[in-house]
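Here chain A shows up in two complexes: once beside chain B, once beside chain C.
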Partner chain A sequence: MVDVRRRVTRSAEDVVVDVVIYTVMALICFSMLYPFWNSVVLSFNDGSDAIAGGITFWPRQFSLENYAYVFRDPRLARAYGVTIFRTLLGTPLTIIVTSTFAFGLTKRNLIGRRYYMWAAVFTLYFGGGLIPFFLVVRGLGLLDTIWVYLFVIGGSAALLNVFHMIIFRSFFMSIPQSLEDSARIDGAGYYTIFYRIIVPVSTPVFATLTLFNAVNHWNAWFDGAIFITRSNLVPLQTLLRQILNSNAVDELMGELGGTAAEELARSAITTQTLSMATMVFATVPILLVYPFLQRFFVHGLLIGSLKE
Partner chain B sequence: MQKIVSNVKQPSSNESSEREPHIVTRAGAIAESPAARSRTPRLRDVIRNRELRRDQFQLQSMVFPALVILFVFSYLPMWGVLIAFQDFSIFDGFWQSEWVGFKHFAAFFTARDFGQIMRNTLVISFLKLFLGFPAPIILALILTEMRRQSLKRIAQTITYLPHFLSWVIVSGFVLTLLSVRDGSVNLLLTGIGVIDEPVAWLSQPRYFWGILVTANIWKDVGFGSIIYLAAIAGINPELYEAASVDGAGRLQKIFIITLPSIAPQIIVLLILRISNILNAGFQDILLLTNNGQNAILREVSDVIDTYVFRVGLTNRRFSYATAAGLSKSIVNIAMLWGANALSRRISETSLW
Partner chain C sequence: MRKLLIVFMVLVVSAFTFAGGSPAEESTSATDEEFVLGETPLTFSFFDVSDVFAGHDYGVDYQGEAWIKENLLVDMELIGSGGAAEQKFSTMIIDGDLPDRLSINRNQLPQLVEAGLVVPLDDYLEGSYFLESMGTGAIDMLRSEDGKLYQYPQWMITRESGNGNGGWLIQKSIHDALGNPPVETFDQLYDYLNLVSREYPDMIPLAVTQNFTGGYVIFTGFAEDMLYDYIASFKAIPEGDELTSIFKSDVFEEALLYTARLFREGLIDPDSFTINRSQDLERLPDVAVVASNNIAMRGRETRGVLQQEDPSNDWIPIWPIRKEGLDPDRVFPNSYNTLGGRINVISSSAENPEGVFRFMDWLFSPYGALVNWFGPPGLYWEDGDFTPEGYPVNFSEDWFSDPADVIRFVGTNRTGIGNTALVDGMSEYFYSIDPSFVNWTKNTQITVAWQTSKDRTEFTNVIPATDSDEGIIFQEIEDIFDEMYSRAMFASSDAEVLSILADADSEADDAGFDQLLDYMTEIWQRDKERLEDL
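== the complex of A and B ==
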């Protein structure tokens, strides 16, 4: 189709539209990337120098002090550990619970299937809200334990994601029944069918949803803020939020001209550049898995369009 | 992707579209062919037949963990909304707390902050709807019009990326860019002479809504466009060719082919969006207002959800906050139902 269009002489409208589109897109992409770039630049700049302002595209006084400090900070190492723990353990658990549920719901001989499905979908439209949820988590004795992160993500349940269940389910339903029937004739049970047949042919959806769940775990901060009071159990994002907030407080103090601001100005590291370094540090893993993520969901998109 | 998406958005139609007839079968017939096995067996047969019993046990054990999670983390809290009708005390527990009827609802509706909270909720929500809803559609149209596939792919990669960052990081970007001393926005605007003095963007109520909505669009415009791109990819190319033959220009084709073709997707998403009109945002607002502690911004930033959070978890007024949250959920359900009915009437597109 593209080739056909090219042979046709481009009209004036065509050229104008192209110019507008590529210009607008360039601006959009710039606005998407600049915040990252600016933060990275600030994180590599000397803190007291950064206070003077004016740093945009390139560090003015290059320094690795912020990162040296970040890597030495025991709080951050701990928070990193908590986040890695919840991501590595919570993600597979969620995938197992969600995918087996979805598989069961595709089987017509599951008694109660319609009710189970309805019970799951209803939660998408109505929920108890934050306070009753908090009280349930509290009642389970999960407050201030690391286990809360396996059961809770943000302000809702972690182990079952109903949206993902629906995605799994519709994918499983598109698998030809004949694959399963032959195994059934050989006497295979549903565990075997799921593990040996369904999972291997559903790798793309498993991979995509695993990555999505891992990103959710990595990015969760709210649970660490409301279910946890012990600072050694705080995940990375929650700690980062605390650092950013103290930065905002410092800025306010700076406006008021307090001594704290002067004190800060004397040190080579400031909370601002420090929080930039922490932010970069927390974002790098996401940037590393992002190419895989993108490959999968763009792939899914292509399949969708080919089907038409 | 499109299949997945349509299933996600229409869970109930999905369920009702299963047309299999309920055939009553004898246990013997069920055990014979695999095809016959895929009918829902009757409980009586399952108890008698060993093989059916094994199958049923395996299937039930596979859905069991999820059902427990649903019960504990979704249905217990749903039942827990009853504390909205109590003077719930954490020491007395649910069973010992006194029932007070609609006291907390009345208190919420007559609260001094009520008008302000409702205004903020509605204004923020409508701003997100009017500006945030069309943004991914426009982006999808722009991406579709990009003929250089390599550039298109790069643009997609870049615009999807912010969706995968946490709100903490995004709020960090906002704080950095808008910083008074050294924020890039102030540098830019003073540089080109729009403002003379750096502005403290986040300490002035009048800028808050704009900042909030911009941050939201920035984060999710790319990811939101995927669903529309998939819909556009499904449009029959012959339509465009026919329009070209008839002399339609590119802009004309967008309005007479592309937009009408993706209208069903737009309507379904719009219904869902409207039914969430009282969900004005939560994380984004909390993070930009220092957990709702920023008193200067509260007059513009306090919405129902942040109010529930502050009053409920910070001030520990559990029953009162639950009443406020429940009022919101009920309105949301009513809005969903209403929007769906309206859409079915005017466009024959609906969720169920």
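== the complex of A and C ==
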């Protein structure tokens, strides 16, 4: 028997092409990773020194001052808690609402199906603006409460994300009807069908959109800025932005000192390095979560390639 | 079936509309007892539209604040917006529930007054530092349309000389290496820049810094008493008692031709229109001469780089460069407004408006200024013994040797009110005792910038509100000017510059500049009279 799996011979051309491809890929990866690495490096660098420019792969004048400035704020722990709370609770909530809404819309015998779809898609194109949005949230009594992060349809971390809903719906519609029909024959109702058949089959989509929503919740700052006034319920990103802004005044104050002050330490904390430090501080946790969900993405890429 | 559905939907939507909630209740602001600062505890909320004050909790990190909290029994609830200040402000207005004290821009006041959201301050003026230092004439200038006073300006100046940060810098080592030629007039500047570009082809001869502010500084040197604001803000120049179009001004034409010529010949940094702050600072060490509306900050931030390479190098602030034959004491790249820029207002939902006013007044007083900027008594200065201006006689020299990162936490972060005269005066007071006490920035300001700053208080209200007819014309004029200015820089000859200027002139006339100028002149003359009535 001829061994079919014999090694494919590689010509010189193959090798050259490989080298080129690898090089190009490496360069592209580097160009994406380097800016982030540079930001991390800058965040650990003394501020006044950083202004001179020229800092590339390693801090030139190591300093933890920028992080110290961030950590000084006692409200930080609470803000972190708020963000974790809204991410842990808000993400599943959004996923459940969005996916069930999408599932409902796949059923042709749903009354008003067209209307719901139209209403949802309409909001993708048109919005009322900030003031009407604010008035609705106020009318719902959500101002200054932690629930404003979870139960608002709008903004970056919406309870019903129309875009995701459309993705869910498309995917659900691609699931063979026969699966559902056989479950129906066995006496399953809609809930059972959804949770026991549809969801397990759609894991890639669920995982992907869960991550998207989690990231949205993690990064959201605008709702915290606008809807929270009196209570101490701002999320992490909002607080970090605030800290960054107020550094400008501190720089002015520090300027009042005398000559020796200048020589000793032109401020180690400048807006540039401080913003790097806040960015690293805010991004690292979500970066750490990402690898665990990595495997779902690979599967997710195979969406559409499954045939009956 | 379909009809039923429609009816149902309409009902659902209307239910949500009517559940929208009632407008916020107007809270009554009545205090029964007499308020005495320091004895009656006071808590109020504070929001600032520039969003710089809410980074930390009040009284926690800053020693001045801790002292105020303990001794004056004042606590502030700081409302921040994490970067979305303008939007947050709009939503708060809609909500009708404003924080007790607000720091806003002057042109945001009229809408608040109209909506009845702010409290007049007239009742509290009696005996206040505010009235005492500024006088009734200046206060009258601050009154709103209905004749009442609603604003307490953020930064005021109660003395003859003002503040400022702009002017010219020269890099010392380059100047020395080229033989220290005089750089006092524009002709000398031109020669010097050419010399630099010949001897040091890798350097940028003249930097006008971000947004081309140096070009405006150049303009102020072309005639006596030319305010920076004429070109940077008003786009109008006074002739006699009237404000006239800048496009028609001979002085401006001359300045424009000169600046365009420098730019055309490659003597000005060609990227000046597009650089951002960090790019601006990064290239400064390669610049021989700097013209900017903020040389103090730029010099401070980049001196270190200069000295890393050559410890004897430095930025030298020079007296403003001017046209041949002008009186050097009447050239003003800087201007100041005794009435400040932004303002504080007290909202009608404040529980204790008088208390808030008294506290703001205290911050404005000499003693308050000291605590704000130099920390509580006993730390760097001693209570009890003061010079006639209000500076402490006994102060610690540690102030000059402690590092900047300690100094920044000594006073407060939540000022929002101040008398520049006192703060700047303190620096001059230190300088008079020993010039080495003062750092480079203050030195620059004291020796050059503050002395070349002109009072522009009479022009405070000259810029029209954005939503008025004149305001719309004003925005158009600004756009015409900006376009004209950048095009002129890239023109290829003097003749082309002149034709660009002439085009802009007729465009401005078509846009209704005359009407705008009449309005601005009226306001200016009215306020000028009020100030003279003082």
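In this section, the second predicted complex is superposed on the first by the 186 of 308 C-alpha atoms of A that agree within 3 Å, B and C clash if a C-alpha of one lies under 4 Å from a C-alpha of the other, contacts with A are read in each partner's own complex, and residues count from 1 in each chain.
Everything that follows uses one rule, which is that contacts are C-beta pairs under 8 Å (C-beta built on N, C-alpha and C of every residue); 3 or more make two chains touch, one makes a residue touch a chain.
Since we're looking at a predicted model, the values are computed, not measured.
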| item | value |
| --- | --- |
| Greater residue coverage of chain A in the superposed arrangement, chain B or chain C | B |
| Contacts of A:134 with chain B and chain C, given as first, second, both or neither | both |
| Which superposed partner A:230 touches (first chain B, second chain C, both, neither) | second |
| First, second, both or neither for A:118, with chain B first and chain C second | first |
| Contacts of A:75 with chain B and chain C, given as first, second, both or neither | second |
| First (chain B), second (chain C), both or neither touched by A:170 | first |
| Touched partner set for A:65, first chain B, second chain C, both or neither | second |
| On chain A, the residue positions that both chain B and chain C contact, one per complex | 51-53, 111, 130-131, 134-136, 140, 221-222, 225-226, 237-238, 240-241, 244-245, 247-248, 251, 254-255, 272 |
| Footprint of chain C on chain A - complex, ascending | 48-49, 51-53, 65, 72-75, 111-112, 115, 130-131, 134-136, 138-141, 143, 221-222, 224-226, 229-230, 234, 237-251, 253-262, 264-270, 272 |
| Complex interface listing, chain C residues touching chain A | 1, 5, 9, 16, 19-21, 45, 51-57, 60-61, 77, 79-84, 87-88, 90-92, 94-95, 97, 99, 278, 281-282, 285, 300-302, 304-305, 308, 373-374, 399-405, 407-411, 413, 415, 423, 427, 430, 436-442 |
| Chain A-touching residues of chain B, taken from the complex the two chains share | 1-5, 7-8, 11-12, 14-15, 20, 34-35, 37-41, 43, 46, 52, 54-56, 58-60, 62-63, 65-67, 69-70, 72-81, 83, 90, 139, 142-143, 145-147, 151, 153-162, 164-169, 171-173, 175-177, 179-182, 184, 187, 200, 202-203, 218, 222, 226, 229-230, 233-234, 236-237, 240-241, 244, 249-251, 283, 286-287, 290-291, 305, 308-309, 312-313, 318, 321-322, 325-326, 328-329, 332-333, 336 |
